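For reference, the structures are reproduced in the following blocks.
First subunit A sits with subunit B, and in the next complex the same chain sits with subunit C.
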Partner chain A sequence: MTRGRAWLLLTPALALLVVAFLVPVGMMVPTSFRPYVPLVGITGGFTATHYVKLVTDLYYLEIIARTLVLGLTVTLLTLVIGYPVAFFLARTTSRWRPWLTILVVFPLLLNLVVRTFGWIALLAQNGLVNQALQALGLVEAPVKLLFNFAGLLIGLTHIFLPFMVLVLIGAIQAIPRDVEDAARVLGASWLATFVRVTLPLSAPGILSGGILVFVLTISALVTPRLLGGPTYRVMSTLIFDEFLQRLNWPAGSAQALLLTALVLLLILLSGRLAGRAGVQA
Partner chain B sequence: MSAARVRAWLLRAWVTLVFGFLLLPVVVVVLASLSRTSYLTVPPQGLTLRWFAAVLQDAEYLRAIAFSVVLAVIATLGSLVAGVGASYALLRHRVPGASVVSALLNAPLIFPGVVIGVALLQFYALLHVNGTFLGLALAHMVITVPYVVRAVTASLQGVDAEIENAARVLGASGPVAFFTITLPLARPGIVAGALFSFIVSFDNVPVSIFLLGASHMTLPVKIFTAIEYGVDPSIAAISTMLIIVTGLGLAAAERWIGFHRFV
Partner chain C sequence: MSVAPPPALALHRLRKTFGAVVAVDDVSLEAAPGEFLSLLGPSGCGKSTVLRMVAGLVEPDAGAIVLAGRDITRVPVHRRNLGLVFQSYALFPHMTVFENVAFGLRRRRVAEAELRPRVERVLELVRLDQLGARHPRELSGGQQQRVALARALVTEPSVLLLDEPLSNLDALLRDEMRVELKRLQERLGATMIFVTHDQAEALTLSDRVVVMDRGRVEQVGRPDEVYRRPATGFVARFLGRANFLAGVIARRVPHGVVVTLDGGRSVTVARTELGAGQRVQIALRQESIRLVPATTPAGENHFAATVVFHAFAGAAHHYVVQLEDGRELEVVAPGAEPPLARGTKTGIAWAPEDVIVLPGSAA
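Up next is the complex of A and B:
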């Protein structure tokens, strides 16, 4: 009786996700093995050429490498910039704390296109950043900050910093203050306490925040497209062009499945790591 | 000053700097929307509200706003029906394979949006339903349902199952107990989930851009396309409107349900 009711309650959600998510994603697998003839389209038959190209063609390898390097750099930057902020927000007793947290959430909820647009205005040749750099005498001529690695790095770090901060706040709040106090009482310096007690105890948060930011960065489409333009490509913008401009759906499906595989691999790996950390703790 | 005071001061300075970094593009967009020039420039040269007037008189923008609102409302209603029921079932009943079901419900959260977009583009094309409103709405439900499930589950966990059992003992039927006791107690989570869902749907580009028919346009896709054609202050003006609406909405949500507990 109750089991029947449980499945009844689950049916709408399951039906939705199977029909409009699992099946469509699964159907990309056969498409990715179909030959594609320019000007003709998708033809019958079987070929692994789209996958072979992804791992042998330097053009694709460069885009994949760029995407992964970008993901790693953004993850490290958000961690270094965000950790002190999360530490502050987790520990402050200020009555403004909920509102300060809301201030971290605000950029997250603000339309992504709008935030990226702000960075276009900031990073353009005559934008505010270049104006400031020139006024300070740091550079003579405007620096190119759009349509290259620097632009994507700045924009994506800004976009994903709130995620890192929010995950870290939770992890740091979970650390019992007694442990730190004990270390200090036993004579450890502030730095030693931080490096040997606080930081290791927040490792689960660093791991999950890092995985989250990495996965979001390599999946991001809007920011890389607007700050990278049509020529400086990452994996997601490559998929975008393959489907909407070149209309080579088989190649696009292979690229989409590779991106998905990378994301799933990372999630699985983090699950393993978290599991192992849990056993030790 | 003691070392501890210096550290506290340095930390505050860093936090202030990072908040500045977080809000910088927002401030820049607002400033750019006020410029008299027809090209984008910060700081603004002269002050005017004419770009706001231009956007509000632009039929294409107005249609895009209306379409985005309708789509987000329908997607949110769908996600609530699917998500509230699923959260309740997973939390209160022993469901075989619950962990698999739960993983599937949360999968769209970490799945690249662009992959969901292209997968549905292909799938709908095959079924000859590409460019339909229903297809787009279903896609938006897929990407919003995890937010409802997360918020509602968080809220339901704080509701003692014994309260519902007490109602059952006192003679209420299962559905009556659910609708009159459990649902009202889980209201903060449902409101938060609905808000998240609305925002996620209203903001989406990576899924929408592949599924929109020729006659429809959502607001973010419209802005996205406009930026690709070239930036001008009217884009800053519509962006500023979104900043104001988001800010007011968030402040109201914080007052109403303590929104920060759900993030």
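Up next is the complex of A and C:
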């Protein structure tokens, strides 16, 4: 196949990317520099106020930091919970394996809103979790698990875990068993084999699973809105409110562009990191 | 030998089943120190499973594995101090050649000052001393296999296990590596257990060959023994092409016995332990049959034949000749001889010593 033909294969995807991503994002750039006057709306002129506010106003900085910390924590949690599951599913020879895999994906088959409301029922002041904790005598008063960081963390980890597991299964299956066997024959214990061979060789999967979950987490809207309530905001809910409630499109555009920039920066950085570690993604 | 050292490796009645399949069935073997022992057989005969049990990667259902007098049947893989070279090389793709080789030493907590010269020495041994900084993916197949060999040798294992190590190489490189491997083994005096399905490889490399079929040991012997005196029809067939003829032992003669083949012809065989009336199968290796001029007077083990097929393969001529009764035999003659065209009348003959006699069967 010639180089030109190969590009032809990418055309539909590239076209979609341009129309659905690059054009809208590009259109937001000029908007983000327009002044916004309350009760009047977008006016003519040029201002960088929205960006300056984003990086100086503590209110915004806190939301940005919260979003990033949430993204990282959810990513780490799904990795820690998902890796053993993926390892088991990648390696088991059980005939139940297809069913177990379906079980992992099963939460994705349920509507997002339904799942999130399920969590509200569980995590509320007098929800099942708090009732159980109190019945067991572990806590005296109900623990606040909703409309705060803990609530978002639990909900988002649950929702994005299947993505992490699926990506990791593929990565772990791609590791030749011979390579692990070679390590063990050479004197590496099970743990040493895992740390020195299995884990580094599954790094491409950890990286792509991590990027996927991180990006999904910081751009998730429905779950943070429902579990965070109207006041506990992350960037996506902030942008949503800015556009649709305050109708401050310039500020919303600036926030959205910052979010996009953060995501791109992160992907770029992790690519560099992987390259330095010698990982072939 | 009155005070024989304990065998470097001894297997006692090993058995392994996978579900209903008996992969290894009652296998007992011994390898002397410094011996090159091959496990030869078709795929699925259990040879690799035997090797993996020795390495500790597969747990036997029954039997014992004794390494230099010490029972290691229940010793975990990483404490056996064995070397294993895989068909797939199984190098660590995320480590340099140097780190691949150093891996075993690092697990043994060998100090850096001692580790470096040891790795360098073994890389020199496999002629890769310039490539230590490369990654496996930057090497050719032959080079990768040499890294795998160096990695297994650097810890000075008591026994080196090789699982079809040359099978992934192309033909020319394979021949080259074969010589290299044999020289290395002689130089180091290492005990090697070599698994292969390639009979030529087993014959050229080994001190002794263990021929396996369907989980069982068919025969153990020096290469010339298993080739010239195969114990079973399977061994005779697996070690090289042969012509099989069934018959009955007719009578004893001074230097052997006469076998009357089904169809009436008589063949003299230089075997004396067989009694008259016993049903046997005789096998004639392709290269044991000589082509003689058609004018040669008839005699013992001499028949008239016609060439019905000829192919030139460089080092040899491959013929199919037809006897007067219509029976066809495959014959290989040295390639340096002038070829015989299809249809040529010729004579064929063979020495009584070259006839392989196998226990009778109706075939």
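For the reader, a short list of remarks on this structure follows.
We adopt the following convention: the second predicted complex is superposed on the first by the 245 of 281 C-alpha atoms of A that agree within 3 Å, B and C clash if a C-alpha of one lies under 4 Å from a C-alpha of the other, contacts with A are read in each partner's own complex, and residues count from 1 in each chain.
As a convention for this text, a residue touches a chain if its C-beta (ideal position, glycine included) is under 8 Å from a C-beta of that chain, and two chains touch if they have at least 3 such contacts.
Given the structure is predicted, the values throughout are model-derived calculations rather than measurements.
In the superposed model, A:D181 lies in contact with subunit C only, and not with subunit B. Contact with subunit B, but none with subunit C, is seen for A:P12 once the two complexes are overlaid on the shared chain.
In the superposed pair of complexes, A:V197 makes contact with subunit C only, with no contact to subunit B.
Of the two partner chains, neither subunit B nor subunit C is touched by A:F46. No residue of subunit A touches both subunit B in one complex and subunit C in the other. Subunit A makes touch with subunit B in their complex at residues 2-3, 5-7, 9-10, 12-14, 16-17, 19-25, 27-28, 31, 81-82, 84-85, 87-89, 98-122, 124, 126-128, 158, 161-162, 166, 190, 212, 215, 218-219, 221-222, 225-226, 236, 239-240, 243-244, 249, 252-253, 256-257, 259-260, 263, 267. Subunit B contributes residues 3-4, 7, 11-12, 14-15, 18-19, 21-26, 28-29, 32, 40-43, 78, 81-83, 85-86, 88-90, 93-95, 101, 104-105, 107-108, 110-116, 118-123, 126, 138-139, 141-142, 145, 149, 174, 199, 202-203, 205-206, 209-210, 220, 223-224, 227-228, 231, 235-236, 239, 242-243, 246-247, 250-251, 254, 258-260, 263 to its touches with subunit A in the complex. Subunit C makes touch with subunit A in their complex at residues 55-57, 77-84, 86, 88, 90-94, 103-104, 107-108, 135, 137, 148, 151-152, 155. Interface of subunit A with subunit C (complex): residues 176, 178-179, 181-189, 192, 196-197, 200-201, 203, 277-280.
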